[in-house]
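Once you've had a glance at the structure underneath, I'll fire off some questions.
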Amino acid sequence: MGKRINNGWRNKLYTIIYEADTPLGKLFDVLLLVLIVVSVIFVMVESIRGLPPYLYEWLYYGEWVITIFFTFEYIARIITVKKPSIYIFSFYGIIDFLSTIPLYLSFILVGSNVLLAVRALRLLRVFRILKITRYIGEANKLTKALKDSRPKILVFLFAVLIIAIISGTLMYLVEGEESGFVSIPVSVYWCIVTLTTVGFGDIAPITPLGQFIAAIIMIMGYGIIAVPTGIVSAEYVKSTKPKDVNDPDYVHLNTQLCRNCGAKKHRDDADYCHRCGNHLHPEDIINT
Amino acid sequence: MGKRINNGWRNKLYTIIYEADTPLGKLFDVLLLVLIVVSVIFVMVESIRGLPPYLYEWLYYGEWVITIFFTFEYIARIITVKKPSIYIFSFYGIIDFLSTIPLYLSFILVGSNVLLAVRALRLLRVFRILKITRYIGEANKLTKALKDSRPKILVFLFAVLIIAIISGTLMYLVEGEESGFVSIPVSVYWCIVTLTTVGFGDIAPITPLGQFIAAIIMIMGYGIIAVPTGIVSAEYVKSTKPKDVNDPDYVHLNTQLCRNCGAKKHRDDADYCHRCGNHLHPEDIINT
Amino acid sequence: MGKRINNGWRNKLYTIIYEADTPLGKLFDVLLLVLIVVSVIFVMVESIRGLPPYLYEWLYYGEWVITIFFTFEYIARIITVKKPSIYIFSFYGIIDFLSTIPLYLSFILVGSNVLLAVRALRLLRVFRILKITRYIGEANKLTKALKDSRPKILVFLFAVLIIAIISGTLMYLVEGEESGFVSIPVSVYWCIVTLTTVGFGDIAPITPLGQFIAAIIMIMGYGIIAVPTGIVSAEYVKSTKPKDVNDPDYVHLNTQLCRNCGAKKHRDDADYCHRCGNHLHPEDIINT
Amino acid sequence: MGKRINNGWRNKLYTIIYEADTPLGKLFDVLLLVLIVVSVIFVMVESIRGLPPYLYEWLYYGEWVITIFFTFEYIARIITVKKPSIYIFSFYGIIDFLSTIPLYLSFILVGSNVLLAVRALRLLRVFRILKITRYIGEANKLTKALKDSRPKILVFLFAVLIIAIISGTLMYLVEGEESGFVSIPVSVYWCIVTLTTVGFGDIAPITPLGQFIAAIIMIMGYGIIAVPTGIVSAEYVKSTKPKDVNDPDYVHLNTQLCRNCGAKKHRDDADYCHRCGNHLHPEDIINT
């Protein structure tokens, strides 16, 4: 009996936390969203030096509030779900856990560097937003589009990598250290910076030959940047076109009306109505 | 009587200001366009230091001429339109107002900084150009295309933001302050600079690990820049292709064969052969 | 008589210079192409400082050879063409003239600066290559594709310009002079550099607010770079569609009407109605 | 007899090295892949200065192991293949040879510079990976897509080059040496850097006019970067869509033959020959 009641509030809690159909569920998601965004902003601001000290204090208290909320949420998720183990070891389960513990860890751990990294863990909370965006149809479409064209893009980026390695080595041999191409990995890094048209300029060729090769690399990058785009476009065009008219099993239907049975839409070359078999005389044709 | 005349010149004025069909209307639009461009150039030139003083004087007088014209135009728009309130509080109404007052404000307000911002307001006049470009069909098409793919792009940019936050934090932890990654917001800013392939180079990774992560971020950015493009392309291709299968003017034709005349390819819902009018009994159906 | 002979060699010369069907014509084009490329390389190399002096001498002699050849070519083009005036004042005619005279001008003109500009004129010869590439079908296709999508792209770039002006002014107000945003034109220039994802980094925001706005500008640029691409893609997809007509399995159907059975849409080369077998007399053709 | 045995192990070896269907073949490919990646990493790490000396030693021994393996592989490939000469002088044959000899050459050759280049040869091993990726269908698709749109892209990049040369010269004349535009080739290099939206910033315009021209160049680059993308997209869309029958003015023509006049290609729904008017009985249909 008590158990059933127990199940009662548990199910209610479940619908609130895991579903967004009930007003309470929606409210919960919105609240969660706000808290995530706030906490992310907190972590970011916290990392800025030279702010008034009281601000850091406020951030600290704010962090406590958020952490406690997330702690309760985490526990609630575990007790309400049928198979806790599945949730706990799911991607989002781990995210929830890792993004909740940092404050607690900060008591155990010592060493500012470690602590810094631990604090940063809280930023994993942004991933939670994805959990909420599952209601946005577009998101799913996009992820699908990406998944569909992932193998192609991977193969492509792999090719880019090979180009980067070869031309990076070439630049290393041509430019040498005085231009900043201190080692092959560094000049491969430079090649990637160039091929992707990012171009920081922290490293740049000085020698004429180096600049010539660089120009070729850029034009190459310029030419090949088109490929992944083209792939995704095509992929996307396909995905938005479930049936296509290519196969000759599709014919145009006119707007003629059969005078006998009133059946609309006959193929242009129909002599008889496909519905009642009445002959369609030219004068029968009632253009609607 | 006087009222009607009044209405007469009012309507005439209306057609001149709000329409572009009459030669006077066209002339007005062209004049407006020229004045907008001139005034925008004026504001820009004005902000340049170290020009000969008499030039600033000329700009000042020129600004007076333009302001007076825009003032009259603004008043004319109000008195000619049926419901002034609608125009006044419309987007363009506000733009017109804000871009007209600066010179007048410059007498009331004091403090060069405020004044600077106020002067800049005049640049809002460029938006007026959009009002005139409403005649260009392309513009409407483009805005439509953008509107159609806006949700998708927003979702996508949102994903980009999450990537930027996570990898920005990572870079902050890896690179630290000596490389210019002084805080998480700054390195998120750097990540956006990198993901969008802008790459200023004011901040650039120095440590090997940092450069390695940067390379990954770039290649990611390189791979995902394809997605919004693909989306818009697809969106645009669709928009330029009215006929698709969802269009009810296309039906699927089965491969049934009419036993009477041997006509192939009837629509799935056909009871009679469209060629010979023979009734298509289920047993008639010869699946080929 | 002599006139006819005259016409004889003139026509021969014409076919050699203006056409590429005869072996001599091909040879001429190839020779021209080589000379153009060589002369362009000469001009470029000439501008490099600190090369051994004898090299500059060689370049000078080489330039003489090329100039003489181009002079003869120019004269030949004039005397062989039917209406010289048309050629002389055509785009290519002017290009040919301007890119031939520099050496002669260098005797008349004085002042190294003017001379520098005059010398640079020779680089206009690269445009001649386009004249030869007229045989490449792709080139024409591309130019067509560009022409088709030009209005759209112009409208789009115009929108980009407005964005650049507004956000440029914003950055000017936010960042001020110490960050390098010394005037509105300069920060508009910076905005264009950023929106186009070029990102030199010679000017970069320093203040947090400035970096925030910059990030928004970049993400905007990232989002909108998709639009022109999408446009061209769509344009190009369209332009590649008519080719499908060449597919022998598809024929164009005219809008003729068979007077006997009223059957519409016969293939252009049909003598008899495909429906009723009635002969399609020319006078039968009822263009609808 | 011995010969046949010989052929026996030779064929077995052949299937292992050249095919990937047998488990041993797969294992061989995987092992090869791992060794290639490892050796590439080795070469890269080796080029980094200031690592602990023992590491360089290890890399040296590691290189020996890899070289010996590749040597045996190379010999095996030669003795197992039917026509060794074909393999030896094939692209991959040369790659295999060049990427195997460096260590041996390092004994013969002297002079660190030459040696550096020779060592770098080992990076050619990355190309071997392509040999293994031949199993990935995507890769072939991509290369096909690239090949199809290569002519177009080449023509396009050629146009880009012309733009770069002209605007580069313009910038050279406008900006002059103090801005870093020391020669025409250098400013052409800068133009390519800018047009491809890489934008290192090592060279950047200072004068207002220079910045104005630069802005135009960028916007041009921004507008034309769309073209190759559009091309590839279209190419790719086409490749995924052989025919287009959206246009209702096109009908499919079957391969039937009119027994009377021998006219081929009637529309699927034709009762009478469009050429001679002969009735097409079902039994008339001669499927060709």
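So that you can tell them apart, the chains are marked A, B, C and D in the order they are listed, and the count of residues begins at 1 in each.
To be clear about the criterion, a contact is a pair of C-beta atoms (placed from the backbone, for glycine too) under 8 Å apart; a residue touches a chain by one contact, two chains touch by 3 or more.
Quantities reported herein were computed from a predicted structural model and do not represent experimental measurements.
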item: Any chain that touches chain C and chain B; value: A, D
item: Selected interface, A-C versus B-D, where C-beta contact pairs are more numerous; value: B-D
item: Type of chain A:chain B copy interface by residue overlap (half), same or different; value: different
item: Where chain C and chain D are represented by their mean Cα positions, the distance between them in whole Å; value: 28
item: Centre-to-centre distance between chain B and chain A (centres being mean Cα positions), rounded to whole Å; value: 24
item: Chain B and chain D: spacing of chain centres that average the CA atoms, whole Å; value: 37
item: Averaged-CA centre spacing for the pair chain C and chain A, given as whole angstrom; value: 39
item: Multi-chain contact sites of chain D, meaning residues that touch two or more partners; value: 156, 185, 188, 197-201, 225, 229-231, 233-234, 237, 243-246, 248, 252, 267-269, 271
item: Chain A to chain C touching residues, read off their complex; value: 197-201, 229-230, 233, 268-269, 271, 282, 285
item: Complex contact set, residues of chain A against chain D; value: 151-152, 155-156, 158-159, 162, 165-166, 169, 172-173, 182-185, 188, 194, 197-201, 204, 208, 211-212, 214-215, 218-219, 221-227, 229-231, 233-234, 237-238, 244-246, 248, 250, 252, 267-269
item: Footprint of chain A on chain D - complex, ascending; value: 40, 43-45, 47-49, 116-117, 120, 123-124, 126-127, 129-130, 133, 136, 138-139, 141-142, 145-146, 149, 153, 156-157, 160-161, 185-186, 188-189, 192-193, 195-202, 225, 228-229, 231-237, 239-246, 248, 252, 267-269
item: In the complex with chain D, residue positions of chain B that touch it; value: 197-201, 229-230, 233, 237, 241, 243-244, 261-265, 275
